[in-house]
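For reference, the structure I am asking about is given below.
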Amino acid sequence: MEANLDDLNPQVFGYVMDRLLEQGALDAFGVPVQMKKNRPGTLLTVLCNAADAERLTRLIFSETTTLGVRRREEQRHCLSRSWETVHTVWGDVRIKVASMNGSITNYAPEYEDCRRIAAEHQIPLKTVMQASIQQYLCGQETLHQGHGDTES
Amino acid sequence: MEANLDDLNPQVFGYVMDRLLEQGALDAFGVPVQMKKNRPGTLLTVLCNAADAERLTRLIFSETTTLGVRRREEQRHCLSRSWETVHTVWGDVRIKVASMNGSITNYAPEYEDCRRIAAEHQIPLKTVMQASIQQYLCGQETLHQGHGDTES
Amino acid sequence: MEANLDDLNPQVFGYVMDRLLEQGALDAFGVPVQMKKNRPGTLLTVLCNAADAERLTRLIFSETTTLGVRRREEQRHCLSRSWETVHTVWGDVRIKVASMNGSITNYAPEYEDCRRIAAEHQIPLKTVMQASIQQYLCGQETLHQGHGDTES
Amino acid sequence: MEANLDDLNPQVFGYVMDRLLEQGALDAFGVPVQMKKNRPGTLLTVLCNAADAERLTRLIFSETTTLGVRRREEQRHCLSRSWETVHTVWGDVRIKVASMNGSITNYAPEYEDCRRIAAEHQIPLKTVMQASIQQYLCGQETLHQGHGDTES
Amino acid sequence: MEANLDDLNPQVFGYVMDRLLEQGALDAFGVPVQMKKNRPGTLLTVLCNAADAERLTRLIFSETTTLGVRRREEQRHCLSRSWETVHTVWGDVRIKVASMNGSITNYAPEYEDCRRIAAEHQIPLKTVMQASIQQYLCGQETLHQGHGDTES
Amino acid sequence: MEANLDDLNPQVFGYVMDRLLEQGALDAFGVPVQMKKNRPGTLLTVLCNAADAERLTRLIFSETTTLGVRRREEQRHCLSRSWETVHTVWGDVRIKVASMNGSITNYAPEYEDCRRIAAEHQIPLKTVMQASIQQYLCGQETLHQGHGDTES
């Protein structure tokens, strides 16, 4: 669902994004757009399940100044996701592992776990994220080696 | 309808937007996009009624350098709109009132009325807009009080 | 201070902005930029007092992937600010009033006060903000009328 | 097809765009978007023929960090294209001529031909492009005059 | 001069840009920026002569919601400009010719002249602009040939 | 150095960026900006050493349509950089290591090395980059353990 906002106080936009996510939107984001009469507007885009469209449309109308909301249906291809936990020296971090046809295509540390550790231990976030990935990859190597052993 | 513009003089874009609106487009806006070969392109988006699509597509082809226009249909949920006029010390301003299921969800002063007053009276536009809203809200309070009286 | 980020995970950017503000930056923001090799980078800009420049530069180096930070001094003209509190039906809201040469040029409700009320009372944020402004303006009218009376 | 990227190193984005085009995408571009938690993300948009959608979706999953790809079908109206070659003092340049209903609506010099000449002869690209267009227009005039002669 | 706007109605921005230009700014433009708390703000940049800085700063304070304006001085290298008029079949168009060290580096048709003609004669703006450039280049060729003749 | 481009064909922008970098600019990038008359312009920013400013300014004037270039000097704080080479199963990759006051603050695989390997071996670029980082970190661990040994 999309709505063009050309007369909304940007402070309200930040709030609306939070409310939409809190109310079940799968995702919400803003695109800076150039509108008529030299207005630097924002195109609000909301991704949601069809069942929530009605309710979230009402939320967009209540919270923003838009007079119209556009809706369209799209197909969504998602990867299979699974979770693994790695143990870093500062604490545990969950890794989100995505697969396509049985092969792992992406692995990424859970942001909130890394953020929490970074803030608590006064360590750069990028360091926590990299260390978590490293733990995951080392674990993967051990796993493959383990399989290798059992095969020999 | 959308068209990617990666070789259009930006001066022409401003003109095209005006022509589209003048020729019946419901809205037209540009999105800055990063295209191949490091081209800072613009994605032109036009919203229009299905009946005007053919004619506006021809306009996009005549006025811009694009070789292709993409089209899709979307559902549009619009709020009910009504107009009220408020009297400010500098003159009248129309207020656009939007409602959803009988409840007012948004009220905004008509831009052109405010702009005209701001330019003529040398007053900041934000001041004229705020004063108009205030007049509207005061009027709403009086209305409710009035109803309250008649109920007692 | 500015730094071009062309290889930073966007998740880290959000975190860095928070850290900078928490560590005394006056403001921090990102500008989407098109960098070489078709990289959609972000230009991080930090505004701070000269005394904090050294410390915040080290923070940018620790938390981001940039190898260089640019610095320049600029003059800053700020308006005088004062606070007023208005009483809305849901609670108090502080209004930040800005003046230039003794004349009020801007008044805006404090965001956090409005957000808190909006979330607690399940009222649109735009409604809380508008009501707060209205209270402020009505208070201002009363003030002027009061002065008028004492003059007559 | 679209995918929101909020944790992808921008360096990878440039590479992915090239791979997609090399693998048959009709076009690919990025839109800077503001995502949740203050992430400066990029919305990757890929235009392709329906037959390539499956394969290109797999490419997006392998090369980027996205966990989901959205797909929708759109109608595409394209102009008829034809090629003409003009002879500039530095070499030949192909001109792409677009027509709508038999009338020429756009003519543009082929970028790669101009770029090559500009680099080899150390001439500004804008000069090569303008000279090519001029040759084309002069050729067009001669053509019309030719027709005029044969008619008289 | 720069000012970050994170709570300004975009409608007002368009108006402010016009006022600044009308009041003597050399140029004014907006940059979409990502500000704290997920606000899609706009960075207003104004270029002006030092003598106008004070006055234009006051205008920014009156018309926008910003509480601070930053100022810095920069060196400006400008090309020499001269005007030539070409005669197109629809009317005259002024060409702005820029030179560096005696050599012409850029020539561009005056936008307003082209726009007026395009609107009046219902011709695409890009066509009017291209025809004007062509007339200019043909005139330049004649000029050089003329010089050639007198030299032989 | 900065120049506002409001009438430049975006195709030329990509070319100009390459030329500037090839001619010694330290960096060059574009910022999408909203200019007067609804023009979606691009602000070209070039970073260079003072000694190259004159020459690069002339390049901007020759290759773009701008009539003015702004210049300012800024302080640049750079991290110390050193190179290390890691051996991945597909070949060697250089790692750029940045330090601040003797402590390593950032390490990143050299993009071109990774890109070459990814293209040759048909492996996702993100995979090559991650593997390179992992090799580097494992090497760092061995190094620390080594030191630990010699200390005991």
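Chains: A, B, C, D, E and F, in written order; residue numbering restarts at 1 for each.
Following the convention adopted for this analysis, a contact is a pair of C-beta atoms (placed from the backbone, for glycine too) under 8 Å apart; a residue touches a chain by one contact, two chains touch by 3 or more.
Bear in mind the structure is a predicted one, so any value in this text is a computation, not a measurement.
Looking at chain E and chain F, the chains in contact with each of them are A, B, C, D.
Listed by label, the chains touching chain D and chain E alike are A, B, C, F. Repeated interface, listed pairs C-F, B-F or D-E, reference E-F: C-F, with more than half of the contact pairs matching by residue number.
Between B-C and B-E, more C-beta contact pairs are found at B-E.
Although chain B and chain F share one sequence, what matters here is the overlap of their interface residues, and that overlap exceeds half of the numbers used. In whole angstrom, the spacing between the mean C-alpha positions of chain C and chain E is 31. If you average the CA atoms of chain A and of chain C, the two centres end up 25 Å from each other. Shown for chain D are the residues in touch with two or more other chains, namely 7-9, 11, 17-18, 30-32, 34-38, 40-42, 62, 65, 72, 106, 111, 126.
With chains as nodes and touching pairs as edges, the resulting graph is complete, every pair of chains being joined. Contact residues of chain A toward chain D in the complex are 17-18, 21, 27-32, 42, 45, 47, 72-79, 81, 96, 98, 100, 105-106, 108, 111. Residues of chain C touching chain B in their complex: 34, 36-38, 40, 105-106, 124, 126, 130, 133-134, 137.
The part of chain A that touches chain B in the complex is made up of residues 4, 7, 31-37, 41, 43, 57-58, 61-62, 65-72.
Those residues of chain C lying in contact with chain A across their complex are 8-9, 11-12, 15-16, 32, 62-65, 111, 115, 118, 124-126, 129.
The residues of chain E lying in touch with chain A in their complex are 5-11, 13-14, 17-18, 30, 32, 35, 37-42.
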